[in-house]
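Scroll down for the structure; my scribbles are underneath it.
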Amino acid sequence: MLLYSLRLLGGLCVYISFTLRLYCVRLVIQLISHKTEIRVRYADTDQMKVVYHGKYLEYFEVGRAALIRSLGLPYSELETRGILLPVVEVYAKYRRPARYDDLLSIEAIVTELPKVVLKIEYKVFREGEMESIAEGYTIHSFLQATTGKPTRAPSYFVQILEKAMASSNDSKGYH
Amino acid sequence: MLLYSLRLLGGLCVYISFTLRLYCVRLVIQLISHKTEIRVRYADTDQMKVVYHGKYLEYFEVGRAALIRSLGLPYSELETRGILLPVVEVYAKYRRPARYDDLLSIEAIVTELPKVVLKIEYKVFREGEMESIAEGYTIHSFLQATTGKPTRAPSYFVQILEKAMASSNDSKGYH
Amino acid sequence: MLLYSLRLLGGLCVYISFTLRLYCVRLVIQLISHKTEIRVRYADTDQMKVVYHGKYLEYFEVGRAALIRSLGLPYSELETRGILLPVVEVYAKYRRPARYDDLLSIEAIVTELPKVVLKIEYKVFREGEMESIAEGYTIHSFLQATTGKPTRAPSYFVQILEKAMASSNDSKGYH
Amino acid sequence: MLLYSLRLLGGLCVYISFTLRLYCVRLVIQLISHKTEIRVRYADTDQMKVVYHGKYLEYFEVGRAALIRSLGLPYSELETRGILLPVVEVYAKYRRPARYDDLLSIEAIVTELPKVVLKIEYKVFREGEMESIAEGYTIHSFLQATTGKPTRAPSYFVQILEKAMASSNDSKGYH
């Protein structure tokens, strides 16, 4: 009886570990990631001689716009097609300060296909450094520009993301 | 003959001085002026530990909005009525720096009734100081919101300014 | 035996419920809250005709500065005393948009005495409305201005907060 | 006598015209100019669906920083050497609006070697357009970072500008 239980447990462990591995593989490969560079402006700094924390939300915006543009559908075109993507939630964690004239790399990452909302994650790196100086995410809803009403993610937009995720799967993975 | 000339010259001088005085009186009295207060935010400062020069254009905006609101016609209502007032020219002179947490007084002044453009002048004071720390002006055109085409200053807007100028003449003058 | 256990369990429940109740009382009463007003500037809006989401971090800053000033110790004085309070984490949730010329009320709330970090919560209301349009929090570390090294919350700062919490307990509670 | 006067006048004119021509030649050739690109962010727009006029002062800053960097002396290094370049005057003229996602080219131009102040002029172009959408200038004083006192333009800075002007003279002229 005990033995059987142990076996069962063992089997369960194998199953769990197998599932986890599969899941990890999916996590690692199926995401869209894009990096873009910005240089810190004097206007971005505050009297602590570092970038004002609120400015990172603009940096996230630059990263997000570059990611969407890289998929062949600039955000400006989304708006032209009548879809707005307002931010409904934002989070940022500041590890080390960025300073005037720093060259920063903003990485924007999508790991899930959007249904009602779109989540985008960000990592901010200083040029030549391996560890991020800040991280965060934004969550966006989809609004119809004409009515201002929420809507589901438009299918053409989801397809573009899906295609990008698939191609990241085929070729390069997470970089 | 010489004597006559001198008399004539004297008369001319009296006339000129009289006219000038009248003119000065008009200049001094017929203007609209309004003061509003703002407190300098941390976000407004830069690493020089003073307010970033570009921020003053926002301060001017706050002063301008308060002036127009004081006339009983908030700028937001002007837009509702289909008139936009984009800035077409701006000038600022910075005499002394403003710092974090300073309480500033923004004075906005209109001295001329608008025809095709509206000019507003600004003086920025630090609380308790007599001399301004910055000055400047903005020039605005009038646009029809629907067409985006330039238009003349709407008559109801000019009348409001005219009335305000007249009442400043009657009662209080320049303060 | 079983009976005894049940009794014990009963006693435990009473104890827990009593403790919880006490704790709730503390939570409800012992906090510091302050409201301050700001008017939305044209510069704050974006082409979605609402306030740009990043601007709320400035609004939070205004609320935070007003709260600390209300305790008799403006943040500028904290810096003069050699303490910096950089933001290490920020979160915001946007429920409904704010628009140009809206009069907003920013409520900043402290519910816990700081040790290594200080957490401040925010609620943004539109004038005359009961439900908040946005909420969030910031977490701050304490840095020595001279060395840039982290430090514990200075005792004079903690005492000021403690006193404010106690007096909120005595008189008015959470409003 | 009259003839002599006329001759004299003629000579004077030739001299003036010759001097003017020389002066023009100097003006046209001896300047430093640099172009840099920026993309309009969502945060830059306002509810008129164009770039907020105050943002151009940041664009000017980006152009100015790129110009100084192109001379081999980034502004950040100037500050490290103890020299601050605060803006003491700014002017901007807005001809046509810039919009979200526009790719702008900011041209910064120095035409005179600084003594007590440095004047930099700007032209903002939309990608692929010949006529500027905005123009302006900033005037900067030189401050000693330690004392905050005004100082003359440091000789190493003037020499760098001089060299850049000379080389623009030799080779390429105004581009």
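Lettered A, B, C and D in written order, each chain numbered from 1.
As a convention for this text, a contact is a pair of C-beta atoms (placed from the backbone, for glycine too) under 8 Å apart; a residue touches a chain by one contact, two chains touch by 3 or more.
All of these numbers come straight from a predicted model, not from anything done at the bench.
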{"item": "Furthest chain, CA centroid comparison against chain C", "value": "D"}
{"item": "A-B or A-D - the one linked by more C-beta pairs in contact", "value": "A-D"}
{"item": "Inter-chain centre distance, chain A versus chain C - centres from mean C-alpha coordinates, in Å", "value": "28"}
{"item": "Distance from the mean Cα position of chain D to that of chain A, given in whole angstrom", "value": "40"}
{"item": "Computed distance of Cα centres, chain B from chain A, in Å", "value": "47"}
{"item": "Chain A: positions in contact with at least two other chains", "value": "42-43, 50, 54, 57-58, 61, 100"}
{"item": "Residues of chain B touching chain C in the complex", "value": "39, 41-43, 57-58, 61-62, 65, 74-76, 100-101"}
{"item": "Of chain C, residues touching chain A in the complex", "value": "48, 50, 53-55, 57-58, 61, 84, 86-94, 97, 138"}
{"item": "Contacting residues of chain B [partner chain A, same complex]", "value": "42-43, 45-50, 52, 54, 100"}
